[in-house]
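First chain written, first letter: the chains are A, B and C, and each begins at residue 1.
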Amino acid sequence: MLTTFRDLFRYNIEFRIGVVLVSLIVIFSCLSFFSPYVPEQIYTVIPDQPPSLEHWFGTNSRGQDLFWNLTFAFRNTLVFGLIVAVLSRIISIVVGMTAGYLSGWVDRGLMFVNDIFVALPIFPILILFYFVLRNDLDTYTLALIMACLGWPFDARLIRSVGLGLRHREFTRQAIFAGMSPAKIMFEEHLPYVMPIIFSTAMANMIWSIGFEVTLGVLGFTNLNVPTIGTTLYWANNHSAMVVGTWWWVIIPVILIILTFIGLFLLAVSMNEHIDPRSRLRRMGGGNG
Amino acid sequence: MQVERDEIYGIAGESSSGKTSFIKVLAAAIRPPLRVVGGSVEYNFAGQRIDSTKASEAEIKAIRWRHLSYIMQGSMSVLNPVRRIEKTFGDFARSPLGLDCRAFRERIEEHLDHLKLPKSVLRAYPHELSGGMRQRVTIGLATVCRPEFMIADEPTTALDVVVQKDVLSLLRNVQKEMGASIVFVTHDMSVHANIADRIGIIYAGRLVEEGPTRTLFTEPKHPYTAHLVASLPVIGDTRPRPSLEGRPPSLADPPQGCRFHPRCPLAIDRCKREVPPLETVGTRHRSACWRAQEVEPLVRPEATVAGAGA
Amino acid sequence: MRAYLIFALKRLLQLAVVVFAGVSAAFVVAHFSPISPIETIIGRVAGQSSFSPTAVESLRQTLTELFGYDQPLTQQYLNFWSRFVRGDLGPSLIAFPTPAMELVMRALPWTVGLLTVAIIMAWLLGNILGGLAGYYQNNRPLKAFGIVAIGIQPIPYYIIAFLLVIIFGYLWPVLPISGGFAMAVRPAWSFDFIFSVLHHAILPALSLVLAGIGTWFLGMRALVSNIVTEDYVTYAELGGVNRGTIVMGYVTRNALIPQLTALAMALGGIFSGTIITEQVFSYPGLGTLLIRAVNGGDTGLVLAVSCVSVIAVASAIFIIDLLHPLLDPRVKVG
């Protein structure tokens, strides 16, 4: 896995751009630990100041310094995305590998459940949850709900790889050597699935953060916690574009788009690595 | 190298020795990253001369399937999985044959019948046919326009021995009947022994020996050929076989001089410096070796041919 | 044909299970809502004029009986289903006493229309361009489009819709950014009305197309660039088969199969995106209705929208699944 990353970094410009973008955003969000302001407090600075040397990203109508406020917003949003990605990876690995390795009726049963989850429109369900939980729907609860909804696509993908691995020579050897199915799955097969897990984790973060932003923008979340979504919500609430405090909208939007593009490039370049045919074309395509 | 009318010319060599690249040049199927660096391929179809390395796309298209057809490696994947066989026939042969719908249909059914295929395959999708049937369909596809020249790239490799024999005799019959020429490529020397009139041996992208099949098997004049022939299994023969050390060289960075010298038991200093030319060593028999006259067959000739023919 | 029927029946069973699971989940979640619809109604009614406490109490009793809240949960659940199949989910609160179902049915055509047009446009356009980009890999404009697609593909629906509002609402106000048709036009089958509807649909549809096209483009490009290296394509090229036939019958035809599956799998997500887009453009569809219902604390309406969404999405997936064996002969329909 580490050599894979090294090769990708060396030979794949998309991966390199992705790494740079994501690192920048992560560093930016880590700055929140050095923030001179408490994120929940309002009216700590003069409101509605355009970007200046003192306030790099300006200040908003709630009297917060936008730069430091956004560092908190990105930290919360990224942590949220990471939690969803990790939890849903665990579910999809367990379901996908079990279905792929055991096949038969276990596979059919799991894939039937899988298909039901795929067919559910997630957004109305999330709104329903907000409707029930109201302000109890904090970042962690939302992450838990999203993780329970965000695994089926990737489980199917992992299953198809698992199906292929099942018929390989080393699996048969492992069975003859008396290894238990769980051991074969997680010691022998898991390394082959790792690249897929990485690339789907990136895609999953885009997906979950996208929902978080939308819920936040609509105000369907705890509005006191700074996230990308709530930042945009407050900007809307104060009619930032109409009043002319454009930096309150434009800067977060640019940053979030950069985040998405960074994550997406990581996912795409890893996908390309997984499918060797497209990699060959890249090498041969240079002179052709 | 020259291929006569009405003959089967076999091309043999190890994996990655450049057989496939060679026939891609023949078939004018070169596309990036491959490039033709030099040389030419001349066809003489119905009195018209054409060089496939230089001809325009339209010119090539005009001879495709009418005069020059192709049987491809791997019968599993050469047929479009979502197209019925009859449609595929239509795609390939409709415009070269220039027949109207009914006549075309009759022609194809007649042709399939000839290949001992039931009419029902026309309505089938490739995945509904067995491997041998699929291979016969591709042979049918390649021969339906009665081309003068066919290129067959490992047409039997993926098939089991019984089906393989079937397909080979089919190919042979069709060829005899139409008086066509076939360039037959495979790494399997026993297949060559069965079907080819003449054989050319390729090593590391170069033709190293060429001659009539029998001559090549009984008195090879290149050490590499001698080894290939010796590697054939012979029934009742339990002697250990002399095997070749090493592996074929990379074509991106071939050795200086004779490309075979690092693995050649007869190599001398001259082989490392100078490239041996292809010289006539017998009737229609040429070899590219500085010590061609000293090459001895490694196995008794009678045994080899008998074994290969079995 | 028989095999196909059995296949269709199996899919239908799956559809039934999805609808059952989705609607039941919606019922359970809604049941634990801390907002009691009865208290909300009482609050409304009592706010308009003063009532004696006994009148309020008798109103509460009547409503409890009406909603069936005095019965055990299983009974409520069964009642819910029996009313649901009759299309009755009680009155809405935000437009009391219009039935919730009626509001949903009024909003549904807007969403379905917008969604159908946007999905078909995005899917076709993305697949055509992606297919061309996969086949002609050195074409400069298509390469450039590929880079743009990578850029816009990961941007969520909300942001795209938002950017369009900023561009066409504030910077260059040429298109309507809110509503389903102009206020001045009366809803009727007149030219003015249809024109107004189309005019208002441009931006919402555009934002859905923009959000979707990148996925289809990139997917198709990857598929096609793999398929052109398949033996059957090389063989057809060697066989001098018409270029048009190769592109359509050999390359595109094979690439469309996974793209169709992908469309079925993406429908749920696209539907979610539509809800958000509608909200941004105040489009009179299900999304706007759902958000109004949430803000108004209207349990019945939220439940109705959720259930109808589940059914709509599952049915659309069902229809696409039925097309699948027609496109791919290898699917075992038995």
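Everything that follows uses one rule, which is that contacts are C-beta pairs under 8 Å (C-beta built on N, C-alpha and C of every residue); 3 or more make two chains touch, one makes a residue touch a chain.
Protein names from UniProt, one per chain: A, C = Oligopeptide ABC transporter, permease protein.
A quick note: this is a predicted structure, and the numbers were derived from the prediction, not measured.
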| item | value |
| --- | --- |
| From chain A, the most remote chain by mean C-alpha position | B |
| Pair sharing more residue contacts (C-beta pairs) when B-C is set against A-C | A-C |
| Chain A and chain B: spacing of chain centres that average the CA atoms, whole Å | 53 |
| Gap in Å, rounded to a whole number, between the CA centres of chain C and chain B | 56 |
| Inter-chain centre distance, chain A versus chain C - centres from mean C-alpha coordinates, in Å | 23 |
| Chain A, residues touching no fewer than two other chains | 285 |
| Chain C to chain A touching residues, read off their complex | 14, 17-18, 21-22, 25-26, 29-30, 32-35, 137, 150-151, 153-159, 162-163, 166, 170, 218, 222, 225-226, 229, 265, 268-269, 271-273, 275-276, 279, 290-291, 294, 299, 302-303, 305-306, 309-310, 313-314, 317 |
| In the complex, chain A residues that touch chain C | 14, 112, 115-116, 118-125, 127-132, 134, 153, 206-207, 209-211, 213-214, 217-218, 220, 232, 241-242, 249, 253, 256-257, 260-261, 263-265, 268, 275, 277-278, 281, 285 |
| Contact set on chain C toward chain B in their complex | 230-232, 234-242, 245, 249-250, 253-254, 257, 327-330 |
| Touching residues (chain side chain B, partner chain C) in the complex | 27, 29, 60-61, 64-65, 69-70, 72-74, 77-83, 87, 91-92, 95-96, 125, 127, 141 |
